[in-house]
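Below are structures written as structure tokens.
What follows is subunit A paired twice: with subunit B in the first complex and subunit C in the second.
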Partner chain A sequence: MDNIINSDLKDRIILSLAQSSFTYKLIRKVGSYYFRKSDSSFLFWLNFYTRQLEIAYQKKKPVVWASIFTPSELLYALDLIPLYPEMISASVAALNLAGYFIETAESNFYSLDLCSFYRVASGMYLKNCLPRPDMVISTSLLCDGSVKFFQNVSRYYGCDYYLIDPPYERNQGSRKYLINELKKLVQWISKRTNEQFSPIKLRKTLELANQSTLLIKKINQIREKVPAPLSGWNALAYPLYMYFASLGSRDGLKFYELLAQEVKNNAIQGIGVVEKERIRILWLHQLRPYYPNIIWQIMLDYKAVIAFEEISQVFWLEYDLTQLFSGLADKILANPGAGTLSRRISSIENLIKKYKIDGVIHFNQRGCRQSCGGASMIKDYLKAKGIPMLILDGDGIDKRNYSEGQIRTRLEAFFEILSQNR
Partner chain B sequence: MLEYPPHSQKNKIITIKKKPFIAFFCTYTPQEIILASGFRPQRVIPLGFDPSLANTFLDSNFCPFVRSILSWAIKQNQDNAMVPFILVNSCDGMRRLYDVMSYYFRDSFIYFLDLPRKRDRASEELFKSYLYDLKRSLEDFTGREITDEALQEAIRESNNFRTIFMRLDEMRKKQNINLSYYDFFKLIQDGTEGIKKIYGLYPNDFLIYDSHLITNQNQLGEKKKTLRILLTGSVLDNIEIIKIIEEYGGIIELADHCNGWRYYINKIDETNPNKIDAIVSFYLHKISCPRMMESVTREERLLEIITDRKIDGVIFYTQKFCDVSLFQIPLLREKIKSLGVLSLCLEGEFSDNISGQVRTRIQAFMEAIEFG
Partner chain C sequence: MVVAGIDIGAITTKVVLMNEQKIESYVVIKSRVGINQNARECFEQVLQNSGYKRKEVTSIVATGYGRINIPFAHKCVTEITCHAKGAHWLNPAVRTIIDIGGQDSKVISISESGQVIDFMMNDKCAAGTGRFLEVMAQALEVALEDLGELSLQSKKKVHISSMCTVFAESEVISLIADGYRKEDIIHGLHESITNRIYSMVVRLPVTDVIALTGGVAKNKGIILSFKKKIKKKLYLPPEPQIVGAIGAALIAHDLAK
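Presenting the complex of A and B:
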């Protein structure tokens, strides 16, 4: 009985906190004070993230739930508030609340073989702990699970869903198809918001995205320096959120100005992520464990640093402001994770050279088929080139798939080898 | 259990089986184009090829179907059989399988066919362009033109095959024949292995008169109260699961897997003058796989079937790690529950043996329906 009362009380507390826009205002205020000594870019992100949730709950603008590869530029041009459930799941894990939502999802028949990012997000909507979407938009880029997750969301809330379904091949036919898909999407959104689409607004957001992209490129260029001026471990946290969620917004531009300045300052002063850096790692896959874990500590012990992570690369060209949709289509088709694995391998090879990499770690997110499925082939390829690679099985969100002993043994053995190679 | 085919037809089947074949794995592969190219389309469902043998190339948290295909392909390669393959971009697993196969089996003909998830006009046009490209590639491979006549003939042959199963299904539904679902499914399975033409030759015999094909009433014994089960999922690997359900007092009304009901329930429009258009329309508009956007329609059809055929219980039998199927379960299960029908979830692992645990779960499920 006690458990039932406790569980009911816990539900109510979490629900009332999550559903109140005031909560996010409070987190912002308290967070700004608590993290006052942190980097300005982090504080800016905290402000951006909580404000988006606050506005979404206040219903000041139509809310769209979007997958991470949905072009945010289009959403800002149409004055929507985008929410990214996959990214929210990561922050929930960082707050140590993922288990609660995973339990909810699994008790509602969401299999534990599904990617934990979607299980947490499913648990969150099943508990009504996220702002209700007015529409749902996703792409089928890289991930099958994403399409079905967003389809379920739209059915759960009874709102419309638009899927951007990019073809596998990157050619003129695919490009034409995708440009039309994006044009149709704009009409689809306009119809639902009763707002006329403005090409001028889209041009403006593309211009902002171009400016942000230029800064990301600059940051990435500075990161080539030794010692590494930005921790890849951190880059896989809040900067990653901004990478997916902020392009095309003024806030995005401001964020990258701050981050670029911080990275530049570190590089000028020769401040590295670790003292006496010895091992430079390329981190593969777009995520890492977001709950407390020992990986970072082990890296510090071995003076190892994630010099770069494959997800942060800029693989797209500057948007042509006279061809509003073609640049967005090109960006989707240019994703190194799409198409054959050889595209991904070729981009990894470039990064290894550019960032003077000693070893590669592929984080095998349990439940991520597209990425894990290629890990062995990438390892084979790199082995032939004499580049050591470690496949590290784990889970970014679900702590049950985290084995501290196993991770320690594997990482230490890997770093020992890399130390001897130097 | 059935003993088929009749002896008189055996030689014909063996001859056709000797015809060079193109292996395919996904139900969205346009077999009619393969047939028209002069090859025998053979759907491979490689039960008995240990999926773990593929773990060196693919992650162990990967669909056992995909890993079994790779194990099978490795075996073919070891036997120096240069098997031509057609893979479809139907899921993340198939994409990675294509990467592995094109990397390690460089000398084989391996074609990767893209497949849109939507079925609007633009997606149809896109798919049409892919099919023309496949046709060209097969023509280059065989050195022979694929004519409209050959396509028409292939379409007719496939339609005939599907018609037989539609009729058999209808007869089973009306209880005009007493054909166990195990036998029924085995017939479909053999047909998809490329011996459709034989079935097309004597459908009437096959349907009504051939005593070998229709399980004798006496074989099943006196009719007793049976539980009507709907089996649903992705690809059905081991049909022994059907036998087990039948052993525990269930009658499978339908298995809507891609190698079951979904394979034969739609037909290609033979009157369409543009054969590729007809094939495009068939594949994009048929009852879809959970991967497609229109999978909701399939769910609606399943709910209709539950009511229409007075289903007592639903067993989800999907392949482990099949994300698209796993995502479909929560909402569908809720809807099934609202109809007052119980459901059970089982996972396939492409294993020869059905584990004791699965048997126990099926038994418990049957008891729950019977006494619940």
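Presenting the complex of A and C:
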């Protein structure tokens, strides 16, 4: 495109497309037709995603930019439209457009060392390609890069920022502190929207989240079956978006009803996502490369499937509808990726048994230091238990950090080890 | 049963022809742009040298970074598995392989039966690879094959701090400008590569017999540097560049059985 269209014209085209709510309406209509043969859950997600962006542009509701671990239940209870820049970056990469925004961010002094998910999002707001936020909320949970990114967003747009900063330890003191922080957050939002907080609305969103969570649990249980009825490679795409962005909404519940039905149908019919499945993989870390790449094709060649992925676990308990904030605080504190590494290892071990895993792949997204930092220790632990693990260095968004030959050799060698072990 | 193993590396292409697990002939040539044509020429050459005809070769396995581009191969296997197979065949006591190739370096841990247990590879940069040494040889204006001998004449320790090939090149140029002897600089470069790869070696179990393979294993300076660092028995194959191709030929033999 660079050769055909000069950069000014390219800027104008991208800007005029991205800034119009009509674009998202059009994507929804065209997408629904183009993907008409796709799974209903995918079409539902497409509708949900584009509608959220459309509403955000139309300013029908206050827009909040939130990090993926911010409790969406609270945001829906306060009638906000949440946008998740990290997830938007992934979809931009899937459309092969990330490079344009990365270049924009880097030419504005955003370092190459900054996580590529945030570099794309930074490029997008610098080009004014995202709906303007009325407020910004993030957590420091798992992702250390998110704090500075969201702080920067608030400064750029001149809107307020609230940080949920969960304590490292999981104990009563942490719980009490976090409950108080969430209560303060509700007051903070109410003050900015001039809308009174309604405990009834929060109870309703928690109830919806409980119903969605039950369905996720059901899906996860069906996924224990061999052959795998749902591809983990796909689960790390649009279902992951819904996992972070939809809990507490009616749309979320509808989505999980559709997904559960699809997974159930596949399991009943014995349809595996990979024909003659031979190798079952557990995928660690919450991401995968979202730009076009060869990983899935190599997996198919070796009859390997991501039977489950660490991020899709339900690690929290059903929300107690009489204690509105305690369940949300407990969920944040219960995240196995937070706190000591032994918590994460213990949950991984459990998943290996449950999903009859042959080998583990830890995708080391370059920007995720908190996760990559523990990869070698997890590998050592699993090695002692006789479970092979591959640490696959890569980048979820920035294609410049992707080398097909290197990825191929590492993956194929790993699958050769797993094949010889069988 | 005549079989062939083809290893298409970033810098060299290697073909080994075996008959009943005995090496009949091998050829090593510089890799050029057309991978398939390159492999074909190398294969024809090995046939010519051995006197066998194309139709007598019952099975061909390709390995190396260009393995997927060889349409006349019956199977592609990674260089990691092939090196394990080749090194184990050459010396069954080997449990660790350090392979320093043109484009990457890897450490492979193998079992008693020659199966891969685990492996480590360098991240995607040229530091610690044959390409690193090629660039440095150019900067120093010496032939690549002379690096080993020259480093043995080193008298003074020179520390190369840059790991990045581009930065290391300018560091080398600065050292020359500062009057350091080439021999000392080369020795420093060898130590730099050794230290970088050693950090991968210790991530896997450090075993008693370690094989050093790949084109860089022909460099006497590197060998000495590894001997000092590892303090274990270092096994040097008679022709370290063809270990992957031997492994590929052995797998071809198993396939044809």
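As a convention for this text, the second predicted complex is superposed on the first by the 417 of 422 C-alpha atoms of A that agree within 3 Å, B and C clash if a C-alpha of one lies under 4 Å from a C-alpha of the other, contacts with A are read in each partner's own complex, and residues count from 1 in each chain.
Simple rule for what comes next: a residue touches a chain if its C-beta (ideal position, glycine included) is under 8 Å from a C-beta of that chain, and two chains touch if they have at least 3 such contacts.
It should be emphasised that the depicted structure is a prediction, and the values quoted were computed from it without experimental measurement.
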item: Subunit A as common anchor, with subunit B and subunit C clashing or fitting; value: fit
item: Subunit B versus subunit C as contact partner of A:Ile298, first or second or both or neither; value: neither
item: Contacts of A:Leu26 with subunit B and subunit C, given as first, second, both or neither; value: neither
item: Contacts of A:Pro388 with subunit B and subunit C, given as first, second, both or neither; value: second
item: Which of subunit B and subunit C A:Ser376 touches, first, second, both or neither; value: both
item: First (subunit B), second (subunit C), both or neither touched by A:Gln420; value: second
item: Subunit B versus subunit C as contact partner of A:Ile14, first or second or both or neither; value: neither
item: C-alpha centroid angle, subunit C to subunit B via subunit A, nearest 10°; value: 70
item: First, second, both or neither for A:Arg410, with subunit B first and subunit C second; value: second
item: Greater subunit A contact set [subunit C / subunit B]; value: B
item: Shortest span in Å between Cα atoms of subunit B and of subunit C, once chain A is used as the common reference; value: 5
item: Overlap of subunit C and subunit B interfaces on subunit A (superposed complexes); value: 376
item: Contacting residues of subunit B [partner subunit A, same complex]; value: 56-59, 61-63, 89, 91-93, 95-96, 98-100, 102-103, 112, 114, 116-118, 122-123, 126, 129, 290-291, 293, 296, 320-321, 323-324, 326-331, 333-334, 345
item: Subunit B partner contacts - residues on subunit A that touch it in the complex; value: 108-111, 113-115, 118, 122, 140, 142-145, 147-149, 151-152, 155-156, 163, 165, 167-169, 173, 177, 180-181, 340-342, 364, 366-367, 369-370, 372-377
item: Complex interface listing, subunit C residues touching subunit A; value: 65, 68, 77-81, 104, 115-119, 121, 123-124, 203
item: Touching residues on subunit A, where the partner in the complex is subunit C; value: 376, 383, 388, 393, 401, 403, 405-406, 408-410, 412-413, 416-417, 420
